[in-house]
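Each chain gets a letter, A, B, C and D, in the order it is written, and its residues are counted from 1.
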Amino acid sequence: MLRYSLKRLISLILSLAVASVVIFTVIEVAPGDPATFMLGVNAQPDTLAALRAELGLDASKLQRYVDWVGGMLTGDFGTSYTYRTPVSQMIADRMWVSLPLALYALTLSTLIAFPAGIYAAARRGKPGDLAVMGATQLGIAVPNFWFAMMLVLIFAINLRWFNAGGFAGWDNGLWTGLQSLTLPAIALALPQAAILARVMRSALLDILGEDFMRTARAKGLSRRQALWRHGMRNALIPVLTIIGLQFSFLLAGSIIIEQVFYLPGLGRLVFQAISARDLIVVESVVMLLVFAVITVNFLVDLAYAAVDPRLRSRT
Amino acid sequence: MSLLQIENLSLAIHGVDILRDVSLSIDPGQIVAVTGESGSGKSMTALTVMQLQPNGAVAEGSVLLDGQELLNHPEAEMCRLRGASIGMVFQEPMTALNPVKTIGDQVMETILIHKAMPRNQARDRTQEVLTRVGLPVDRLPLSRYPHELSGGQRQRVVIAMAIALRPKLLIADEPTTALDVTTQAQILDLLKGLVTEYGMGLLMITHDLAVVSEMADQIVVMRRGEVVEADATADLLRNMQHPYTRMLFEASGHHVILPEVPQTYPLLEVANVVRDYRLPRKRLFDAPGQHRAVDQVSFTLNKGERLGLVGESGCGKSTLTRAILGLEEIQQGEILLDGQPVFSSHKPNLDVRRRMQVVFQDPFGSFNPRHRVARLITEPFHLLNTPPTGSDRQDRVAEILKAVGLRADDATKYIHEFSGGQRQRIAIARALIIRPELILFDEAVSALDVSVRAQILDLLAELCAAYDLTYLFISHDLSVVRTITDRVLVMQAGQIVEQGETEHVFGDPQHSYTRALIAAAPQLPEIGKGAA
Amino acid sequence: MSRNLILGLCLSSLVLLAALISFVWTPYSHAALNIPAKLQTPSLQHWFGTDHFGRDMFSMIMVGARTSIAVATVAVGIGMTLGVPLGLTAAARKGSWLDEVIMRGNDMVFAFPSLVIAILITAVFGAGAINAIIAIGIFNIPVFARITRGAALSLWEREFILAARVSGKGAARISAEHILPNVANLLIVQGTIQFSLGILAEAGLSYVGLGAQPPTPSWGRMLADAQTMVSFAPHLALIPGFAIIVTVLGLNLLGDGLRDWLDPRIRVARA
Amino acid sequence: KSDIKIAMQLEPPHLDPTSAAAQAIDSVVYTNVFEGLTRFMGDGSVVPGLAESWEISDDGTVYTFKLRDGVTFHDGTVMDAEDVKFSLDRAIAEDSANAQKALFAGIESVEVVDPLTAKVTLSEPNGNFLFNMAWGDAVIVAPESIDNIKTNPVGTGAFTFGNWVQGDSITLNRNPNYWGDEPALETAAFKFISDPTAAFAAMMAEDVDVFDNFPAPENLPQFEADPRFQVLVGSTEGETILSTNNMQPPFDDIRVRQALAHAIDRKAIIDGAMFGYGTPIGTHFAPHNPAYVDLTGESAYDPEKAKELLAEAGFADGFETTLHLPPPSYARRGGEIIAAQLAEVGITAEIINVEWAQWLESVFNGKDFGLTIVSHTEPMDIGIYARPDYYFQYDSTDMQALMDTLNTTTDPEERAKLLGDAQRLISNDYVNGYLFQLAKLGVAKAGVQGLWKNAPTAAIDLTVIHWSE
């Protein structure tokens, strides 16, 4: 177990190192000068040069890479070119929107997918199964931003049950905060729930065909008991993979949804920063997202081991 | 009144008849063996008793347990009976246990699910049962997971689960087929002991007639969903009524006559061969572990000689085969074919390779399903410098197909159009097509039904005469090796512990391991005489 | 043939047909503006109505299908032509450094949030169909590499591969002759799934303005254009939305149907 | 009700109006937090700000400003002539980060005469000087608070900086020590909603009270029809033009540029891109300005004539060029329409959508473009036509002479005449395609009063906003 974790940890660190080089390189070739952008059309060359020096844009690329990575290691993500505030501060603020949103959506999608998948698996081939599977096919096919548009149209503009967007902040209480995240979370969660429900169903069906399920039935467990006691934990293994992937997707892939609901989250920050050529913010946020994805996958790997004793003992 | 009484049981799955008018009965303390070839409906009969038939199955007739009708019995009632009144053991111990639960939990579940006793008592009972099946808790704690157990140990756990509540009836579906002979003997002993001790009825399904005749009080022979013959063991063995039964028994003890070995010279020389596998490190900074799969093996195979290799699963037989074929590099020693090394300067020696061929065990997995037979069996032509082309090639294909008992126009078919036995013929055709000097048979008949196996063995004997075959025949089935080889090697944990003339070794084994092997192998009684 | 397969085939070929016909015929020119006739609801003249520039929506949907299909096809093509050989190589050299490098590389690509990278790529090299294709294509490579390797690894364990090795065939030859044909079904099914994901990705990128540029119509951009008008001209958003749904649904059903038809045992990844 | 939520499209990068071009900064802080010597009113007029009055020397080069007494910064320090000198010196300094350095170009020196009197000496007369001093880039800042001005702006205005939730909103609070009339509002929150759909949804759901410059003109009829809202349609200083690279062939040929002008149907563009909002212009000048001359007739929509002109210039079969479009919808939508219209006369314009940063780099600085659409929002900016290095690269000695004269002219009538000449000159030279004056589209709850209808500069003047009873 320890060895397994350590090995995964080393590959995690390596991945992060390569990722940092890739991100830095890609972003450095991006056209567009942050200083020009900040000063606009009427800026004079000497003003621009002054600003560039102030932002440290005149240092060599290598120097800037080293500074960037070194800074990140000590928790200092640098200072945003455009906002002139510490990037770590900005990220921390946005994180309080994106992370709860991702968790909320993940919870929703799990809450929808698990019962749906189990229900469908239990009624394989029957009308209930066909209905659930039909719905999930549809769920996968619906682009989430379109779905978000429809949600806004119906629930915010016509019915006025929810705010159309924006984030009320956690200061006004948990409830208001959750309320502003509800529509976005639904928009994000439903397509993911559709995928998860399908995975859940097929994982369960696979398990139902396993020999040990027959053994369990021969012991006198009813179909349902066998499913819960022996099916679930085994089915969880493929399902965990998907949940891991989905979490990263939800965290990083909510750019569009944050845009539709004008939530001040990480995704929107990246988008804004890219258009403002706020390179340091882009670099740091992308790096952070990659870090999150890699870490989540690492955790999923560890969760595997918790679920599956075969992995645990594999030295 | 019998414990279990099956009468005129018919079963159809989605309209296809699987069982027709099956009748049999079991008394308490009695062992009834159901036998027959693959697909004859043995398992379906058992599953119908358990009321665990696949979806879409419709059963007619009657299945009475203690006078109680089980067919169409309410599911909730059945749940109460399963595990408590009827226990069942399945064939595949590797997959019959849930990999993510401890063995203790799994055995205890049988007790808890029937609310037979409170948890702490259930725990004691679990320990007791596991001890009874030969897994004393001090050596094998309840907290072990299935993957930490060997196949035989797992099968004991499955049995423990089935007998934890001392059911009146135990059904065992091929409980030992996946196990080594020595382990098989232990499990069979265990089952027999349980029957006498608990007075259970045992419905035992097996296709191994030797096992049947040793174990059963009653024998039921099935064929294509019907019972063709059923009688007390002694009576049946003495007086077989149905030709199918007779054919089965004859095929099981099939003997072939091999042609004499001509004047000869050493063809294959294996000297001090060692094959190590690297194991993953135990701890991060340890040196990687090593597993010695083949350990200082030396032997010589003469031209025209038929050599056998026997040994338990995992003893290194296949590894040795791969080394001889030059598919893997060996760590020590030397393998020479006709004086030339099979592996030179870290590369397989193609000159040598083209003089050897191999036939594998799995008649389903050893062919690319997307190619036609002609292409499949000509694959070894790749080894030749100037492979035959055009009509020459077709002739060779036709000739070899005929030699293995198939028709020339089978060449254009796909592999899924053939039965298991036919596939094995095709595998032999593929091995023969480049007229190799040495053929390796790795468990080449182990997956076949007895009747088919007998045909293949006959075919081999014919081919020996026709083609002067030299081969190394690997099998864990001693009776097969005994009839098809001249000389035999006995392998244990990577080492050759005994070798010599086949009859000599089997008749008068020197090494204790050989003796154990032979003792464990169930003996088929002389037909017409009756069991011991 | 299952119901899924038939329905999937029908929907997919409907979309494909619309795309093909659009080369020779559309009811109106998809690019012709007619501002006085803007925002008309569906009618006999304009089956799907007109957009905010008075363009015929039906024609735009037809030509948009072309864009979607073209982008997704090339992106899946990139993923396959690079991913499959990588996967085959990794499987053939299982456990070697090459395998390690390929698989770690795959993990790397997976670790990048795809949309962010797509946005980065288009931000660096400019928005446009080509860059959208590259962005989507890159993320297809590891999908195909991984699934090919997985399937190939289990094939390498099969005895017929051993038989081919005994016949003296090398890894490359075995990969091409035995492995590839046996993973083809899987690749076809996965390809269909990736194709539908490609359509969705293209729509997403176009929606944020990074896909095909005007005047090339694209469903995603039609949605983006329609966004502020849903409240008074809902057909502008509903029609392209349905076009995407129908296409993706059709492809997914086709993929599932093909899987059941070709080989019910194969697994596809969807992430 | 004494609080208000005002939405705007862009979030300011920081809050120092003197060191960035972003208009969003001015929208939040102009006159609310920071004040200059002079200031714009809602109608575009320039009135005294922190300077109570001023005297101009006869030669027009020395301005003596009399400052208001008793004005303090939000941190309690007194605003005096030292601060004026500090602010102006900072703007003209070598390492100044001021985005509109040209506004201060003529300043030779700033002297403190006494705490309430500051004297500014120009190198030559500048008729625009008071106008220039009204810009947000010329507000008065204090040396005591300059270090943190970007995140904690300290000015003299009627509102103090409250807090900033980045990506979401900025809050301002009433300044109890304000020198002027007490504003009706106690607090004001500026919310940033960039997405037009979200803007519509937020207004409709009454999440915000005012949308300063509503980004989706197509939604205005819905607000007009809804009694909960009022719509304020005004004018901005934004001349929306099809900027043409005058140095790049074939646009160096006036016939090609004229063809371009005749190929464009302004009405279709205003209808299609702006849903009817916007005033057609025929030159680079705001129609609401008294000096405006209507020259739209010079470049009437006439595709036949455009084709003839092209043929004359040797492009009977048209040519290919690029059309760079920055993000605002006037450009993106207008661009699509223009590309279609140009296609009618045989010109193939490849649309290249760009972010502002790219636009600045490749179009504005790199001058690597054929055509682009942009709204020039600086007030009174016809002077850019006298700068041959400006991105559209119009090099006309006539225009340069005209502007030199204008800069030294202070007589209003004379100035109007000169401005008219300049408008005609660039119109006749078809320097750029002149499309329309960008409308200011404000949406507000019915009860909100005092909002600026026009936008002489980017500002949301909170001091005059109040709720009706």
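Everything below uses one rule, namely that a residue touches a chain if its C-beta (ideal position, glycine included) is under 8 Å from a C-beta of that chain, and two chains touch if they have at least 3 such contacts.
All values reported here derive from a predicted model rather than from experimental measurement.
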Contact-pair count is greater, between A-C and C-D, for A-C
Top of the farthest list for chain D, CA-centroid basis, is B
Just curious, how far off is chain D from chain C if you go by their C-alpha centres, in Å?
44
For chain B and chain D, let me know how many angstrom lie between their CA-based centres, rounded off.
87
Round to the nearest whole Å and give the separation of the Cα centres of chain A and chain C.
22
What whole-number Å value describes the gap between the mean CA coordinates of chain A and chain B?
50
Where in chain B do residues touch two or more of the other chains?
none
Multi-chain contact sites of chain C, meaning residues that touch two or more partners
123, 227, 230-231
Where chain A touches two or more other chains, by residue:
31, 149, 157, 259, 274-275
Chain C touches which residues of chain D in the complex?
195-197, 200, 204, 216, 218-219, 221-222, 268, 271-272, 333, 335-337, 339-341, 343, 351-355, 358
For the chain C and chain A complex, residues of the former touching the latter:
104, 107-108, 110-117, 119-121, 123-124, 196, 200, 203-204, 207-208, 220, 223, 227, 230-231, 234, 237, 241, 244-249, 252-253, 256, 270-271
Can you list the residues on chain B that touch chain C in the complex?
325, 327, 348, 350, 353-354, 356-358, 360-362, 365-370, 379-383, 427, 430
Taking the touch rule as given, give the residues of chain A at its contact with chain C in the complex, in rising order.
11, 14-15, 18-19, 22, 26-27, 29-31, 137-138, 140-143, 145-146, 149-150, 153, 157, 195, 198-199, 242, 245-246, 248-249, 251-253, 255-256, 259, 267, 270-271, 274-275, 282, 286, 289-290, 293-294, 297
The chain B residues in contact with chain A across the complex are 50, 52, 75-76, 79-84, 87-88, 90, 92, 95-101, 109-110, 113-114, 145, 147-148, 158, 161-162, 280-284
